[in-house]
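Both complexes shown next keep chain A, but they swap its partner, so chain B is in the first and chain C is in the second.
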Partner chain A sequence: MLELRLYMAQRITALIMAPLVIGHIAVMIYAVQGGLSAGEILGRTQGSMSWALFYGSFVVAVSIHGAIGVRTVLSEWAGLRGGVLNGVCLALCALLLVMGGRAVLAVTMI
Partner chain B sequence: MNGGTNVGMSRQSGRAPARIRGHALWYAHILHRLSGVGLALFLPLHFWVLSLALTDVAALDGFLAFTELPMVKLAEFGLVFLLAVHLFGGLRLMALEWLPWPAPHKTLAAGTLAVSAFLSGIFFLQAI
Partner chain C sequence: MPDEQRSGATRDRTDNANGTLAVYVWRGDGTGGREQRFDVPRQESQTVLDIVTWIQQQADASLTYRFACRVGMCGSCAMMVNDEPRWTCRTHVERVARNGELHIAPLRNLPVIKDLVTDMDPFFDKWVKAEAIHHPSAGRDDEFAAVTPDDPERIEASAGIECINCAICYAACDTVAGNPDYLGPAALQRAWTLYNDSRDDGGDAILDAVSRSGGCHSCHSMGSCSHYCPNDLDPMGAIAGLKRATAKRFFGGGRG
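On to the complex of A and B.
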C-alpha cells in the first residue's frame, strides 16, 4: 500500500512539475543572456506573488519527487530496506523542503 | 523500462536481467535514473546559493561572477541537459505506463535526447 501511494505521489508530482520545468528552462535561457547578477534575479522575483507560488509549488513537488526517486534507487541499488530506507527518504524530503523554502523566501520576499 | 518502480527488474537484486541490459531503452532507463540522482544531489547546493540573497547578497554576486568561468558554463549546460532529459524521459515513461496504444518508444527516447540537447545547447549559446 505504501509503495502504491509513493508510486502515485511520484507521478502526480511529475505531472505538476512538467510545465514548471519547461517554464524554468525558458527563464534560464532568457535570464542567462548577458550574465547573471543578484540585482537582476531579485529585481525579477522580489515581491512577486506569482514567482513565489511558481517556485514554492516547484519546491514542494520536487522535495516529494526527489525523495521518492532516491528511495527507489537506494532500495534497488544499495539494498536499503524498512525503517532506514524510509528514514533517509523522509530526511531528504525535509532537507529539500527547508532549504528550498528558504531559497524561495530569499528571492521573493521584499 | 521503469524509473520509479522495479518492473522488469529482479526484485531480489534490483538489477536488470542480462537480456535487458544494453538495449536502447535500458540506456534510457539508466539515463533517467542517473539524471534524477544528479539533480537530487545538485538541488541542496542550488537552494543554498539562492538563500544567500537573504543573508549575504555580495556573496551571491560573488558566486554568480564565478559562474562566468567557461568550465562552470559547461557544467551549467550539463545541468540543463540533465533537467531536460529527466523531464522528457519522465514524460515518455508515463506515456509508456498510462497510454493505451503502443508508442514507438525507441524513437521517443531518441527524441528525448535530441530535444534535451537542443534546449541545453540554446542555453549554452546564450550563456557564452
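On to the complex of A and C.
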C-alpha cells in the first residue's frame, strides 16, 4: 500500500503547508513595508523557538510533498520504476531537508 | 450532451451530401503502419462507422475493424476520429469532419492487432486487477436481495452501471498514456459501482486492489474520461469516491 501512504502523506503535508504558505507570504509583505534590514529581521528570528518551529515544519512538509510529486512526474514522464524511482525520491527528500534545515538553523539559531 | 457540443467541433460546411469525403484510415499492425486515403461518397445522416463499412465493402475488403450492434449499446466500434476517441456508430460525419477530411485510427493506449482493431485484453485484465468482479454476499438458497433505488449507496452504484466497456475513457486518459500500470477509468468506475452495491461482499478487497500501484491514487483528475464518455457517465467522480473511501479507511473509518 505504498501508493496509498504516499498519496495520504502528500495530502496531509498539503494541509499543513496551506496555512504556513499564507503566514510566510503575510510576513514577507509585512516585513518589507517598513523597510526592515536583514539585521533587524535576524534580530527577531534568532533565538526564537516559534520561528524555528514555523519554518522547521514548513521545510519538513515541503520536502515530503515535493519529493512525492517529483516521484510521480519521474514515473510518468521518465519511466522510472521500483528501487531507482524510490531512491531518487528519497534522495530529493533528503536534499530538501538538509538545505531547508540549514536555512532554518541559520536564521533561528543564536 | 450532443457530440457537437462535447467536442467543441463545428458542423463541417465544406462537404455536402452529394460530394465525397477524404478519409485517411490508419493501416498497419503492432509493428507500425501509416494512413491510407480513401475517397468516400457522402450520404445524409452518415456515421463514421458507415464510412468504415463503405471502405471495407466497396474499396478494400482487407480493412479490419470491429463492430456489432450499430446502435451504441455493445461498445465494440470505438476508434480515434480526428484524434479524439468516439463511438463511431453514433458519431455523425457532418459533426466531426473538418475541411472535408476525416482521420480514423485505432483506439489510443491499446496495442494494435490490425488496422482499426486493438487488443482489448489489457483493458479487461485491469477490470479484474481492480477487483471489479462480483463478490457474492448470498447464495442461491437465500432470499432475493431488496434493492432500494433511492438509497444513497444505490444511487452511487446506479450512476455507473450503464458503462458499455467501449474503452473510450481508457483511450482518452493521459494518465494511462503516461503510466501503463494505471488501471484506468472504466475498471475503477466498475470497482466503485460494486463497492456501493449492497449485494457485493468485496468492499475491503476492492479498496485493497485500488490502493495498489496504478490504482485510483494515480488519477490526476484531468477529466478526459468524463468528458469523452459517450454515455455521459462520470468515471472521474467514481474515482474520487474511491479516493474518499480509501482515505476514510486509512484513518480507521468504516465504509466511505
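Everything below uses one rule, namely that the second predicted complex is superposed on the first by the 106 of 110 C-alpha atoms of A that agree within 3 Å, B and C clash if a C-alpha of one lies under 4 Å from a C-alpha of the other, contacts with A are read in each partner's own complex, and residues count from 1 in each chain.
Here is the rule we go by: a residue touches a chain if its C-beta (ideal position, glycine included) is under 8 Å from a C-beta of that chain, and two chains touch if they have at least 3 such contacts.
Here the structure is a predicted model, which is why all the values come from computation and not from measurement.
*Asks:* Output check: A:50 vs chain B and chain C. Expected answer is one of first, second, both, neither. What do you get?
*Replies:* A:50: touches no partner chain.
*Asks:* Is A:92 touching anything from chain B or chain C once the two structures are fitted on A? First, second, both or neither.
*Replies:* A:92 contacts chain B only, not chain C.
*Asks:* Which partner does A:8 contact after superposing on A: first (chain B), second (chain C), both, neither?
*Replies:* A:8 contacts chain C only, not chain B.
*Asks:* If you stack the two complexes on chain A, which partner ends up touching A:37: first (chain B), second (chain C), both, or neither?
*Replies:* first
*Asks:* Scan A:76 for contacts with chain B and chain C and give back first, second, both or neither.
*Replies:* both
*Asks:* Have a look and say if chain B or chain C is in touch with more residues of chain A.
*Replies:* Counting contacted residues of chain A, the larger count belongs to B.
*Asks:* Could you look at A:105 and tell me whether it touches chain B, chain C, both or neither (first, second, both, neither)?
*Replies:* Only chain B is touched by A:105; chain C is not.
*Asks:* Under the contact definition given at the top, report the residues of chain A touching chain B in one complex and chain C in the other.
*Replies:* 3, 7, 11, 72, 75-77
*Asks:* Could you please specify the touching residues of chain A with respect to chain B in the complex?
*Replies:* Chain A residues touching chain B: 3, 7, 10-11, 14-15, 17-18, 21-22, 24-25, 28-29, 32-33, 35-39, 41-42, 59, 62, 66, 68-70, 72-73, 75-77, 79, 92, 95-96, 99-100, 102-103, 105-107, 109.
*Asks:* Of all residues in chain C, which touch chain A in the complex?
*Replies:* 175, 178-179, 208, 211-215, 217-218, 243, 246-247, 250
*Asks:* Along chain A, where are the residues that touch chain C in the complex?
*Replies:* 1-4, 6-8, 11, 72, 75-77
*Asks:* Chain A touches which residues of chain B in the complex?
*Replies:* These residues of chain B touch chain A: 3-6, 9, 14-15, 33, 36-37, 39-40, 43-44, 46-48, 50-55, 57, 60-61, 64, 67-68, 76, 80, 83-84, 87, 90-91, 94, 97, 119, 122-123, 126-127.
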